[in-house]
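The data blocks that follow each hold one structure.
Shared between the two complexes below is chain A, which pairs with chain B and chain C, respectively.
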Partner chain A sequence: MDWIFLAELAINGALTGLLYSLFAIGLVLIYKASSVPNLAQGGLTMVGAYVVLALSYDAGLPLWLAIPLAAVIMFGLGFGIERVALRRLAGRPVVMILMLTLGLDIFLRGTTLAIWGGTSRSMELGVSYEPLFLGDIFVSRIHLVGAGVALALFVAFMLFFRTRTGIKLRAIADDYMASWSVGVSVERGVGLSWALASVVAVAAGVIWGEIQGVDQALSLLLLKGLTVAVLGGLDSILGAVVAGIILGVVENVGADFLDPLVGGGSRELIVAAVLILTVMIRPHGLFGRHDIERV
Partner chain B sequence: MFYRLSGVHHANYVSDSRIFKVPADRNLAAFILLLGLAAPFIIPSLYLNSYMLPWLIWTAAALGLNLVTGWAGQLHLGYAAVMAVGAYSAIHAARFGVPWEFALIIGGLMSSVIGSLFAFAALRVKGLYLALTTLAMQFVMDWVLTHSPMISGGSHASLQSPTLALLGQDITSDTGYYYVAFGWCVLVTIFMLNLKRCGLGRALVAVREKDFAAAILGVNSFYYKILAFATSSFIAGVSGALLVATFFFLAAPEQFSVAVSIQVLAMVIVGGLGSIIGSYFGVALILLVPGLVNGLVVSISEGLGMQVNIETLAHIPNAVYGALIVVILLIEPLGLGKLYGNIRDYLMVWPFDQFKK
Partner chain C sequence: MQEKAEAQPILSMNSVEVLYDNVMLAIKGVSVQVPTGAMIALLGSNGAGKSTTLKAISGLLKAERGRISRGEVMFQGTDITEMLAQKRVEMGICHVIEGRRVFEHLTPDENLTAAAPRGMSRSALNAEKEKIYAYFPRLAERRNSQAGYLSGGEQQMLAIGRALVTQPKLLMLDEPSLGLAPFLVEEIFGILQKINQEEGMSVLLVEQNALAALEIVSEGYLIENGRVVMHGTAEALKSNSDIQEFYLGGGEATDFHNVKHYSRRKRWLS
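Now for the complex of A and B:
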């Protein structure tokens, strides 16, 4: 085995993995605040990307204006989704909340495609496609940019959770009832987490849209994002970043070994296997909180 | 007034364990059964084949999922994969020359075996994590299906189903297909109706409410979870096989993808967890309404003289399907079955409850 080739696989895997983290941070934010598994994150990511495209290409705004504007719009959308849909199902069994977010996902996807059509569109960020060589190792520039965005968001959220609002969110995550009783507005906090997750979805949508084109496939990131979130522990942002890197490396290196054996396409299989193994061996993930259930 | 009694009051255990506790319900069920038997003579064959038949088979499948999710309380997002196992095993068996009766049973049993694997995930985790594991298992099964030409049938990944023949009769007419689907759906419904009132059903409900508490009461939750998964998988397998044999005529991996798993779960939840009549409603709603809305949009836009983009039209059913799930869950989280129950309870005591106030 060629070590340089292996290193290249690992580094590119880690970069791709950080892009999965970018997606997974949205899931973690919502789960942290309200214990709701947001299966609509894929749909939100897709909507985010399409809104950016609509603002920049259809309305003719420059990209540096379109992306923040899209983030503002999505902030409102996230808040609205929580207000209209999720709040009314708070406290219901998890199966109904799962179904609700699945329904939202289908609805968001269907509506987006009904408005903007299903043909794949390209998102040009102006990052050059010239390969970047670190020594002998080839690295894709856009992946590097995306990984940078993911890390920046991670740092931003780490700082955010130290502010007053962030501490409120942490309190809500810790105990609904207790934060209610000390006067923290739980509803607003949960709404805020949805809004922030939608903003993260814009970031993920833009980066992934540049990499693989803006179309329905964006919502397929959900399985990978979920795997990263579960491996990291569902309520830990640090976990999402670390797990993203792990999944990316395992996927990239593993696929290189497995593909010749099974005739290609083993990435999905590896991701699904990682998810199953995580849940079987360590359901609360690497950094997640271990819940104790009482009868 | 409508039900000719005011409320259900049991005087002995026999009346408590009846399937239909209200005579009017029994009469209604008998009437619908007769209607179902007469359907081929009432309904034009186009509707019979493209609406009634899939409705009945999907209802049977949804009832199977209801058994494991509604009764035993185990989330299952890999149901379509289990249906695929049944469909592919049955069709391979039939192509091999096994009579269809046995091929269907082989399909069901194979599904049971594979479906029980899902149960092992249920023994370790529950709730959200179980949902995610079964989802991942669905992806694994999808992958196996699309990557093994031996199962999925060569380069085009489609497998022709041989002519259906039951009890020595070749079934090729629309009416014949309909009766096969009808018979299977009635069988599953009768099974589920009886499950409600026997020990097994009560044990499953105990496991659903709290598996630890059930274990303390002496209900072996390990055993009942596996039993629930195996039984529901058997129903799934036979339903999947019948779906291919009477409706698709061709088995392809996309017919049993993740989206289908989500769709069956949506049918069950929109219909109402643990509600039999609800499953009928849920399947009808999820299966038929998106198409109806699309037709409506087309006719309205034609009426107004507007030109609707063809791509928009193609995606409207999806948007409607998602919106239906969300709206029903917001209106009544317990589903259409609960809505029906509310109306029934109101009518049961109708004029008399007015006097209480």
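Now for the complex of A and C:
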């Protein structure tokens, strides 16, 4: 057994996992306010990446300006989605809202395909491709940057949920009716959570776009992101981070063992197994909120 | 004419009809008046339309796909019939909804924070919290535990405290005594009375527990089948024999062996 190699697999797995977390944080934000897993998060991430490309390559803005500007645009888009589509569904069964987010995902994918076409475009962040050696272990710089962004967002949102606005968002997640009864605007709260999730989507879109190119495949991150969010407990930001690391390590190390046996492709199987087992064994995930039952 | 010279009621609801889902008529022409600074009770049995009446006033009907199809609701002389619930809270109407719906995953302290009106400064909020903790010392002790694990009485106190943070002029409570031990009901009603007297806050109380409610209010309305069937001072209602029979549990002790058996009906229903 080569321990260095195993450590390298684990560390790189953890870094990739944090990139899944980066994506999953967006899902958690929306789930926290509206108790719906947002199936359009993949679409939003892709749109975020395309907007950055449009601003930097097509409009010629420098990246340091294009990314914040894209974040602002996506923030507005998130609010717009609530205003145009979700507000009408307030009080409807959750499954209707779920279907709406699915429709939205298809719509976003179709729109990006129509505007920017299907060919993959590259996102150059200027991060060196030179491998970085930590002792004997080699890690990718862009993964390291992405993991840093994920952790920064994690800290930022942990702090945010302690502010008054953050507390109101958590209150909305707990009880719509009670929130309305004390004058909390549920509509604005849900809008804000979509807006913040859209900003997270820009971050995820930029990092993942740099790694795998910007094309329709970006929206497929939803599957891994959803697995991480479910494993973490859907409404826990800390859960999303921890679950991301776990999934990343299990996937990377597990695939290394299984791939020679099954002839490749075991990554997807591992992700699927994690998702299915989580739902079967621990439906509220690692850090998910329990519904409190008092006797 | 003399009555008009008196201060206008803080709330007046005139012949209000409420439709759910555009088909189900839940209340049929209810008129209720709350004089400024008064404590009023809405009594009646299950499903009589008491909660719907409160929701029509607070604007929470919309969340349940109900609407006011006829009549008007006036608050301090302003027509609020079509106003958004959030706006009504800003104007000073707060509704403590049925079932002690506290934010379970937040602490009591955060529950109070969540209800802070927009633009309330941090120091004003803290002063407000201290005032509420002074009314409900039990809450102060548990301010940082999870609200979902508070006892029923504490949750009810928290729900009332949370409503007070919005600085209401009219506080409406839906069945605050439900499922609570009698000594807790007494404690909570005592505090309500104190708030009413000390802050001049008008209170509209919905109760099935007519006995406890009539002890603290000045007037009561009796609602049955979506209509107001009786209205009077607390004294008058307490001494009414029908109210005694159906809502206060008997009045004088009766020896049922000696009673002729006839079915007593709620005559006002027919």
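Operating definition for what follows: the second predicted complex is superposed on the first by the 290 of 295 C-alpha atoms of A that agree within 3 Å, B and C clash if a C-alpha of one lies under 4 Å from a C-alpha of the other, contacts with A are read in each partner's own complex, and residues count from 1 in each chain.
Simple rule for what comes next: a contact is a pair of C-beta atoms (placed from the backbone, for glycine too) under 8 Å apart; a residue touches a chain by one contact, two chains touch by 3 or more.
This one's a predicted model, so the numbers in the text were calculated from it and none came from an experiment.
In the superposed pair of complexes, A:Ala195 makes contact with neither chain B nor chain C. Contact comparison for chain A: of chain B and chain C, B touches the greater number of residues.
Looking at the shared chain after the overlay, A:Ile276 reaches chain B, while chain C stays out of its contact range. When the shared chain is aligned, no partner comes close enough to touch A:Ala24: not chain B, not chain C. Contacts of A:Ala33 after superposition on the shared chain: neither chain B nor chain C is touched. In the superposition on chain A, A:Leu218 contacts neither chain B nor chain C. The touching residues of chain A, counted against chain C in their complex, run 90-91, 164, 167-168, 170-171, 173-185, 289, 292, 294. Considering their complex, residues 69, 75, 121, 124-125, 127-129, 131-133, 135-137, 139-140, 142-143, 147, 210, 212-213, 216, 262, 265-266, 269, 273, 309, 311-312, 314-326, 329-330, 333 of chain B touch chain A.
On chain A, the positions that touch chain B within their shared complex are 37, 84-85, 88-89, 92, 94-96, 98-100, 102-111, 113-115, 117-119, 223, 226-227, 230, 262-263, 265, 268-269, 271-273, 275-276, 279-280, 283, 293, 295. Contact residues of chain C toward chain A in the complex are 58, 60, 63-65, 85-86, 89-90, 94-97, 101-106, 110-111, 113-117, 146, 148-149, 159, 162-163, 165-166.
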